[in-house]
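Next up: some structures, all given as structure tokens.
The following pair of complexes shares a single chain, subunit A, combined with subunit B in the former and subunit C in the latter.
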Partner chain A sequence: MKHMIKSMIAILCVTMIGCGSGAKSPGVTDAEVVIGTTSDLSGPAKELGALITGGEQMYINHINSQGGVHGRKIKLLVEDAQYNPQKTVVAVKKLIEKEQVFSLFAILGTSPTEAIRSLLVENEIPLIAPESQSGTMSDLSRPGSKYIFSTEVGYNRQGEIMVNWIMNQNPDATIGVIYQDDDYGENALEGLKNAEEKHGISIQKESFQRGTTDFTGQVGNVMKGGCDYVLIAAIVKEPIIIMKTAAAMGYKPQFMGFGPTMDHRVGLAAGKAGEGFISANGAYMWNSDHPSAVEYRELCNQYEVPEKMRGMYHFYGVTAAKVLVEGLTRAGENLSRTGLIKGMESIKDWDETNLPPITWGPNDRQGSDQAMLIQIKNGKQIPIAGWMK
Partner chain B sequence: MNSLFTEISQEIVSGIALGSIYALIALGFILIYKATEVVNFAQGELMMVGAYVNFFLIQSFTSSMGAPTFLTFILGLLGSIIFAVLFGWFLDLIINRPMKDEPVFSIIMATISIGIVLRAIVGLIAGPMSLVPKSPFGGAHIQLSGIIISILDLFIIGAAIALVAVFYYFFNKTRWGLAMQATSEDPIAAELMGVPVNKVYSLVWIFAAIVAAVSGVLLAPRAAILDTNMGFLGLKAFPAAVLGGFGSIPGAIVGGVILGIIETVSMGTLSFHFQWVKEINDIIVWIVLIAVLMIRPTGILGTEEIKKV
Partner chain C sequence: MKGRYADENIKWIPALIGLVILLPFMLKGITFSYKYYLYILNTIGIYLILTVGLDILSGYTGLISLGHAGFMAIGAYTSAILVDQVGLPFGFSLVLSPIIAGCFGFIIGFPALRVSGMYLGLTTMGFGFIIRRLIIALREWTQGSGGLAVSSPKLFGYTFNGDWANYFLVWTLAILSIVASRRMMKSKVGRAFMAIRDSEQAAEASGINLAQYKMMSFFISGVFAGLAGVLMAHTNHFISTDHFDNMLSIYFIIMVLVGGIGSIYGAVLGTIFIVLLENLIVPVIEEWLHVLFQIEAGDIESLIFGLIMFLFIIFQPTGLYGMWLKIRIYWKLFPFNPKQRFT
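Here is the complex of A and B:
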């Protein structure tokens, strides 16, 4: 027994010395670097979770097959956190403490990412390319933001960009918004508040709870308010029901949606009512002629990705993985977490993904702050306005 | 004034249709509760299964018979009901039968697990992408002095009234209905008096599955997208059942419609004129529920049951 305790103490000492010396960062060997992510494979966002993670995995396999980064293969550990903040906290703790991952990557969802801020600070671990378009990610006044490298334009900026576009088209426009009452909606409203001040206008605001299936009240209200432009901060179901309800009421404003409403099913399910719907979009489309999209389709063919997996979400996954690889490359051969952060900060006007050129810096955590507009015309999604800041 | 009247009427009509969906789900809760005193928390998932079965049936019909028509809708509905009969019978066989002598609480826990299992299984079979169901009526609607009512909503309201009437008649006027009431009161005494208790149990699960399938078929096109989380609506229908009076069949429609109207009017006209209503939209249903239960602890149409111990 005494023997055992002695040997245990010895082991403990050795591991502690190992940790303390900082000779090797956790999750890094000469042959491998371990990266942790949480996705949603069985919860409310499982359809996008499975596709995004699939895209990430495809690109990482592609890089590994070419020898990895600085001779290290990337090993991606995926935890299913079901888009749930509490489960994400548990999963991320497991990834950091038990699996000893080097870096976190592409945590799925705004609220789940918000929930792990204190873990980022405690462990001084970077989070590359969270799968969230919330502008709060890159808000350096929030704890942990300096560890987060946000890629796509935030909801707040999208809101401002859409209002700018509207005021440019029609300076006398009356604008309303129907928003989801959560972190996402709040960030969208933040941008709209800035836009209200900038243009000296007032935007009518109607909220709804997630899970709402009837929008008669909200649509009736923006109609009463005389709104001729209605912004929708929601996911996929809501814009469909909202536009159908308005069409039945004979109310025809210009509907516009934030990033998540760009899903092609909106046009598909809304049919005639969805014709003319405009959505903000922070990335080149997967079926466009942009070099990154062409490369994406070639990769899909090379790795025989099933037709029904290809598309916007799968492409997002590839982009996130590309950002990770770029960061690891720039971090150099002696991989450390601070090195990765420095590497990420050195990315300037980098134009190799489906996003507009990405820039990060010591005081800049927002990769891209541009959006373009996509409109449904004859059932097809057509870009109508180029990149706007 | 006239326009305010039209606006509120519009919201009330939509509220009635939404409430009819709640009523159909609540009816499923009440049917099983009335005969077995079990609250089936998988009722929402039964609805989701019904909607998926219907979706795939219609898909296979249209691939063999061409574009969806009213006929394919009816065939799909009938097919879903037939599936529901088998499915309800099967659920009784695997949950209710083996646990017949266990405390009611254990059976309730089992229904919660069944709900989770069903979500997982449907997710596996149907794949990760959510589906886009087509309404058999397209966007067709009628207009009554400025108020718009979609044909789908009329159908939903009609189905809710019809099913509530059928089951009300069944429970109060037929031998089987009385047998069910007797079983709920005291299964052992009922069995001794010659009531085939096992058959009663199967039947009531089958009924609940049928009601769920009908509500699923009608809700899916109204909700625009079909996914496995549709079952969570069951949690919204539960307060409807409590409000109407758990155990009262007409109570389902009363509770459902009241909650539906509160939801649409508070989000609509009330929020428009009173800013503070917006802040309490998500709890307003619960405030009403607590208020009603304080005055009538058994719900609006519930009757107090006195049991000899």
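Here is the complex of A and C:
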């Protein structure tokens, strides 16, 4: 026992002497800069996670093959956090403390990103382009927001934009919303609340739980309420079922969806019922003629990306990586975390991705606050209204 | 005096407690990424408080719970609301919140008087779902599913900030929990629990009030889970309904089973083993596999996890027993519980 205590004291002494951290930024050498991300490779959103991470990796490989940024190759470390906030905290701790990454990048999911806010503050580490469209990301009243650089327009803003558009088209419209009862729906509702106040209207709200497949009740309620416009805050499967249910009930309002419903599969699967469906979208589509989309398809051909991987989410990853590269470039040759934040803040009206021109500033963490509307006409997605604020 | 654990050597316990105190200093000396390891140790400490409580309920009283993440959520949210919104001091909430979680356990104890085995498992699982929905519905206080930011723990004017300070808070309470539960299980209450597990009829015949003790077991277990929830909320600074999904409850059951059911130290060992396996060993194996066979990491994790646990269970009869029972009809055929349904 005595011996043990002695040895412990010895170790303790070693501790006191041996500890000290270097002044140089972690994760940066002359040849390399290490960036950490968490994705979902084996959880509920693994399809999406693998695509986004694949897109990021492809663009980073592309930049590395051209010599990297300021002569440094980018090394992307991916941790699988399974879309779980607790696992994300563990993964990010590991990235920061053990792998000593320079910056965080593209953490997947809203609640996972919310969960790591205190880590961002504690380590003063930036998070570039979180993979979440929640408007809470850029809310500067929340702790750690000044380290987060959110790219796409938030759900709350999307809601406001859609209501503004409706009120322009038809000032007497009755609006209803069917929303997913989680952090996504929560943020969408926040925007709709603002819109209600602005236009002096009242929006009928019907909620459903994640994973629901029967929407008869919700559709019946908005039908009873006489809604001409029904907004859908859901992912891909739900709008299809909602529109088919409504068609079967002989109810034909104008259906509109938030960003995640923009997937081309909605139109394909809903068939006739989905004709005319409008969705808000924060970026040019991957198969459009926009220069960034053309460049994306060329890159896909160059790196032989399988056909089934190409699409909205893979492109999303490429866009995020592009933002990261731009930030690293602007941060200058002497990389530091504050330098990266300054570099990101210097981005003004930057128009090289498929997003509308991006602007960040010392008090602005929302890259883009614009959305366009896309309608399904004859089974094809056609933009019907340009960028709106 | 030699009791149930005749081979138990009490002398190494102070040494072990000494090790727990010195561990962070050792880690700091060995590695610069000690904060990451401290965080994992904190997670172990928090989960350990819960699994010890779960073991009292499942291992000692023979009542299954698949909803313990729900109790943890109650403790976490109650404390977050009491401290940050009502303005109570953390020390007060540290006592009050677990008791509130325990009261919920008391309520869940009512159906436990009538249902058992598989049905009790389903009832408690349903409780887990209800709690999550309740948290979303009480938007006013919990901010719905958007999640809630929580302040750091403050005790006697000292703010526990960062993994280093949290470690000492968490492990002090973890050690206290272990000691308290061991004392409790050796008292009249513990003996009554074990009697209920072994045979309800015999226990009742010996004058044990079944209803009272079963509900007491749920209450005690709820208190431990609530305490774990309080610590989780305040050391993580953020909680959401996704933190407390039902997989977590299953995860706790596995910890207790792998460690060895019906023994407090078993629950402790099981928790340490599972958390270390997940965070330290699985990533290493993943990396080897990736280097050797070029297999993508994400797809292999659950496979390794299952395989290692499978092997472990084969070489650990108690764990094997527990796992086998879980797959069959949980507690009904438990060897210490001769209540036969099929006769």
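The working rule: the second predicted complex is superposed on the first by the 366 of 389 C-alpha atoms of A that agree within 3 Å, B and C clash if a C-alpha of one lies under 4 Å from a C-alpha of the other, contacts with A are read in each partner's own complex, and residues count from 1 in each chain.
By our rule, a residue touches a chain if its C-beta (ideal position, glycine included) is under 8 Å from a C-beta of that chain, and two chains touch if they have at least 3 such contacts.
Here the structure is a predicted model, which means the values were calculated and not measured.
Legend: residue contacts after superposition of the two complexes on their common chain; A:Asp181 is shown touching both subunit B and subunit C.
By the touch criterion stated above, A:Lys46 is placed in contact with subunit B and with subunit C alike.
In the superposition on chain A, A:Thr216 contacts subunit B only, with no contact to subunit C. Applying the stated contact rule after C-alpha superposition, one finds that A:Pro143 touches subunit C and leaves subunit B untouched. Once chain A of one complex is fitted onto chain A of the other, the partner contacts of A:Glu56 are absent, as it touches neither subunit B nor subunit C. By the touch criterion stated above, A:Phe208 is placed in contact with subunit B alone, subunit C being left untouched. In the superposed pair of complexes, A:Glu97 makes contact with subunit C only, with no contact to subunit B.
With both structures placed on the common chain, the touch criterion links A:Glu160 to neither subunit B nor subunit C.
In the superposition on the C-alpha atoms of chain A, the part of subunit A touched by subunit B in one complex and by subunit C in the other spans residues 42, 46, 50, 181, 209.
Looking at the complex, you find that subunit A touches subunit B at residues 42, 44, 46-47, 50-51, 181, 206-209, 211-218, 220-221, 224-225, 236-237, 240-241, 244, 247-250, 265, 268-273, 308. Put simply, subunit A touches subunit C in their complex at residues 1, 4-5, 8, 11-12, 14-15, 18-19, 21, 39, 41-42, 46, 50, 78, 80, 83-86, 89-90, 93-94, 96-98, 100, 110-111, 114-118, 122, 136, 142-143, 181-183, 185-187, 209.
For subunit C in complex with subunit A, the touching residues are 15, 18-19, 22, 25-26, 28-29, 32-36, 39-40, 43, 133, 136, 143-147, 149, 162, 236-238, 240-243, 245, 279, 296-299, 301-302. Residues of subunit B touching subunit A in their complex: 7, 10-11, 14-15, 17-18, 21, 120, 123, 128-130, 132, 139, 141, 148, 150, 219, 222-225, 227, 229, 232-233, 236, 260, 263-269, 271-272, 278, 281-282.
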